[in-house]
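In what comes next, chain A is part of two complexes: it sits with chain B in the first one and with chain C in the second one.
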Partner chain A sequence: MAVSTRRLQKELADIKRDGTPVGITLLSAEDFATWYLSVEVLGNTVYEGEKFALKFRFDGQYPISAPAVQFVVDDTYQAPVHPHVYSNGHICASILGSEWSPVLSVVSVCVTIQSMLASCKVRPAIPYPRVRGRSEH
Partner chain B sequence: MATVAQPQRVPTVDDLRVKLCYICREEERFDNPEDPPRAWTHPCSCTLVAHESCLLQWIKAAQQDPGKANNALKCPQCGATYELESENPRILRFLNAFNDALSTAGKVVTVVGIVSLATSFGFTIYVVATSYGAFAVKEFLGEEMYNLLLTDEPSNWPWHAFIHLPIIPFSLILSRTRLFDSFPLVPLFLTWSSSPPVRTSSSSIASPSSRWRSSSSAWPQGSSSPFTSPIAWPPTPFMAMVFLPFIRIAYRRLFNTLTKYVMGTLPESAGGAAGPIRRVVLALGEEGPGPLRVHIGANIQQVNPQDAEGGAQAQQQGNEGDDNVAAAERTLRVTTSSLGRFIGGALLIPTISARMGSLLYRLSKHSSWLRAFLAIRDHPAPPAPAIRLYDGPPGSNAGLLKQVGSGMVAGLHIMAGGTPTWNAADPVWWRNAVGLGLFVVAKDCVRLLHLYLTKRELESRKVKSRSFAGVDIRELDLIDQPLHPETAGAGAGQGAPSVPADVPAV
Partner chain C sequence: MSSDYEISDDENEYYDEEDDEMEVDYDDGSASEIEVDAFGDDFKVAPRSERKLYEVDYTSLSQPEIEKIMQTDVDHISGIFGVEPAVAAQLLRHMNWNKERLIEKYMDNASSVAVAAGVELPPREPTPPPPKASSSRLSSTGPQRTTRRTTAENLKSSPKSKRATPLVEESKEFVCPICFDDTQTEFMSLICEHKFCASCWKEYITSKVRTEAECKIACMAEDCNIVALDPFVEKALGDDRETWTRYQELLVRQFVSCIPHLKFCPYPSCTHTVSCPSAATKSSLITMVPIVTCGASNTHVFCFGCPIDTDHRPVVCAVAKMWLQKCRDDSETANWIKSNTKECSKCQSTIEKNGGCNHMTCKKCKYEFCWVCMGPWTEHGTSWYSCNRYEEKNSVDARDAQTKSRASLERYLHYYNRWANHEQSAKLSMELYTKTEKKMDEMQVTSELTWIQVQFMKKAVDVVFRCRMTLKWTYAMAYYLASGNEKELFEDNQRDLERAVEELSELIEAPIDPETIMTLRQKVTDKTVYVQKRNEIMLEDTAKGYLEGRWKWNVTVEGFDSA
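Let's look at the complex of A and B:
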């Protein structure tokens, strides 16, 4: 069994047992390759009332390798309009790149993204289009 | 009996009741160890513990990823640095150091290699440009001046030649764009009309120059100053350059009026009405030169002129309608042919002006007025005297102010009037410049003629109409129906004269 499978099994068991933090729910975890979670920002924030969906993709080396996380953009969900979020759902976050470490988990990534949205005081006018070749910041 | 207090032992990872690896999230209870047992480690100052194998795997993976390499040995929670122990004999350290040294050397080689490639490429371009520049100077100034100023031997060239000559081809090309007009050539002529002649052992003016040197201590007879007056004919290149922009603007205005009269519309490149070129479309794969584009539009009749001489087809398309719209969307279409015509035409300018100049020279043999205008002397000019900076005999002490003053006067005279050596030579450049101007005028007129005829052709077009011969007459809804479909069909097939009178002739 791949390393990622065992670890994700554990994480799933923890979620089922302890539940998820407020504003985050598990939408789907059918396999150990792709998970969907929803994120809402509570309280009086710029994103009040908006619900977003995150798509996690894991490879066989998780948690040594970081999961690929992006906002779902389809008929039901839109990407939030945020300086670090592109219009195609791509997220610019250090914890998904150079700051990733195995001490983080799916839930902790969701919480980090939730607080990233909550800390945004001014909503940018238009979403940033994703330009080919743009590097992470 | 009092119990003796045991000294407190500092706990280690093995004293934990339950160990939870932060990487794989597996638990191990102290009373239910794994079989075979796995090593655990507490590598930092917080409470995170991990399987040694999990942690080593993480460290190895992180060190190989360039983004994460800096954080590989740091605890994600408390930031403490992990310490590793390994078998690291000297030979391994040496091999690693050697490998790193080779990598650094490789980087240096790459950078140096690329830089030297670029430099040699640039140098080749420089050599080509300089040779072209020398050729251009020879064509434009004539052989005599060329041998005075440059000669064919680069070792004779003044230092500024090596700067000015390679600039020439680029400034020629740029002078055809709207941006630069005549600007780049100015410094060229500035320096050269005032530079001393090249001293060579076998220059064509060797004897005059030696006579010139020997007479340097004497004033020339009958002139109060060694300089020619600034208002001289022909004008020096400096003066010509000063007046050129005005001449150019005046000519353009005049020609626009003519175009308006002939074509009934202003060309797009009129004055400042042209907006900035927003898009340059590189259409290098396109076929052929394409026809001239003449719009006969609803509101504004716009004609696409052909910019600059040599017939560059940098076709500029404006939009009909608003001035704003027209200014906003101007595309410059560059095709293989337009690029070649533009650049080739620019580089041909010296040759064209030389040919025109010699044409004018031959024509001037028949007209004394032309000879005067072109300042062609019937007899060789006397040798030019040396330039003296002071009034008064040499060796006299002149005050500093006087020196500065006479230096400035000298400079002004040289700029405006040219050095005496320059003036003594046959002014080939002047007739070349005049010839070039005439060529430009002629070219513009020819272009205007071309546009006018094209416009006429477009306006005079008609489409030829044919009869319905060969079409089944039953498909046609004619005003007078034929009496017999069969005979009428046969009749129609035979041509007009045999058709019955009541069938309308087409």
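Let's look at the complex of A and C:
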């Protein structure tokens, strides 16, 4: 059995037994390759009332290698407008790259992303499109 | 007088008259040249009597040789501090192998250095603040953080066999918090006592070394700064000698990157290092182009001073970098914008006019202006659509700016086309190599010539290739040279070399006829010698120019006084 399978089984069992932290819900974990979790930012923040979905993808090396995590962008969900999140859902977070540690888990990643969103106080403006010239006649 | 140019004496049997002529041209420079040579002699450490002005002194070192140097440093530190070699090695790596600084800092405050280097646990007293946002992080990391030893003074106590040999314990209902594999029985931990199973350690270190090319292996626990020392890494990797070898190679690379007079060979999978103390400082790079070759293969040619992996003589690193940057990035896009667009004189939006009349309305700020004179449209009064203010000052300025940027684009293209042409031709001459080999076989059959006697062809192709590389870079240099007598002399040398190279190129492409083969051989050999000489003159003269500070640039170049 791959290392990732055993580890994810354990994480899933923990979630089933202890539940998830407030604002985080397991949407689906059909297999040990892709999981979906939803994240809500609690309290009075710029994301109040919004619900985002995170897609986790695991390779056979998880948890030695970091999971690939991004926001779901489809008919139901949008990526949050945040300086560290691209409109296609890509997330710039150190713990998903150089600072990943094998003792982190799916839930702890969700919590980190939740707090990353919570710390955003001002909704960033969307840049203006480019101006083009026009001749009168 | 002529002695300076008779460097390749052994090849001078094919010396022809043209050479005499050109030596006269360069007589004026010979007085100072003798001085420079004498100066150079003083600095020659190794008696490489044939070292030319445009060459640099260097030594090539293999990986074991570098490891020996590292070991000397480690033993030295280990002796002074009274710590194990593995600890000393990690301390040195942490301080980027700056021995003096390490000793100074360590004498000042040993334990703060040791903690920062990850060989000692932080003092227990100020209880470590709980990591941010980790209130609900993996609960399983909690329990094993309980047994922390205070090892502040542990570092100095001598035997410390515990530090080097990883803890291997029998499982007592302990489950590795990474894999949760309850069949694992072997656990290892660093001095921080974060226990993980041996197979997770192995997996983790392998992934660090193999995929991340990282030689600093920190403990897997979150926010733990303790670093795995070499004996631990070796033990954890077990029978995976390949990864262990790679780990050692990474250590050597880290060492080399910390020492200014060392540089790792950039060629793929080469493990040699070049030591070149004379080019170790930034300021030395304005007087020389330190092209070196590592000991593994004579095709591993690279520049010691910059990341360009080819011979970029005669251009100094800073200028070569500027040129490559100019060719690579979209600086020419900026030129296009300059030539084809104007800015709205009110809001400065960039506007491209792609048709229509001269009455422009800025889409952004609705400002109305005349495209020709850039003045406000309201002032045009009744002269509808035919601007009569063309000769006024600001329209003249606008026109000047446009012609100037067009001219600069053309100037760039002049140099770029020649640069690209030589690059292309040099590539083609690599193809010529294979053709030449065939030709040489042919010659051995059709003529009386022996193998050694047909080598002139191979040599000629070689020389053409090398000279095209020089020529290529001379165009980059000429682009940035400030105009004046010096540039003209430079371009004369360039022209002579270029002409000679083209002639030789033509000769070696010529069909082989058994009757004329002897004359062809004579011609090619003569020309090869001549071309080589022209190349040497080109390189020698530019190298001399750098030493004399003769070259002036038309832009500000890093390290040079602005002209």
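We adopt the following convention: the second predicted complex is superposed on the first by the 126 of 137 C-alpha atoms of A that agree within 3 Å, B and C clash if a C-alpha of one lies under 4 Å from a C-alpha of the other, contacts with A are read in each partner's own complex, and residues count from 1 in each chain.
What we mean here is this: a contact is a pair of C-beta atoms (placed from the backbone, for glycine too) under 8 Å apart; a residue touches a chain by one contact, two chains touch by 3 or more.
Given the structure is predicted, the values throughout are model-derived calculations rather than measurements.
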| query | Just chain B (first), just chain C (second), both, or neither: which does A:21 touch? | reply | second
| When the two structures are overlaid on chain A, which partner does A:115 contact: first (chain B), second (chain C), both, or neither? | second
| task | Figure out whether A:102 sits in contact with chain B (first) or chain C (second), or with both, or with neither. | result | both
| Which partner reaches more residues of chain A (counting touched residues only), chain B or chain C | C
| Touched partner set for A:3, first chain B, second chain C, both or neither | both
| query | Regarding the shared-chain residue A:61, is it in contact with chain B (first), chain C (second), both, or neither? | reply | both
| said: Output the chain A positions appearing in both contact lists, the one against chain B and the one against chain C. | reply: 3, 6-7, 10, 61, 63-65, 101-104
| In their complex, what parts of chain A are in touch with chain B? | 3, 6-7, 10-11, 61, 63-65, 97-104
| Which positions of chain A touch chain C when the two form their complex? | 3, 6-7, 9-10, 21, 61, 63-65, 101-105, 107-108, 111-112, 115, 131-137
| field | Footprint of chain A on chain C - complex, ascending | value | 132-138, 140-141, 177-181, 200, 203-204, 207, 211, 220-222, 344, 349, 351-353, 355-357, 359-364, 368, 371
| chain A-facing residues of chain B, complex | 22-26, 48, 54, 57-58, 61-62, 67-68, 70-71, 76-77
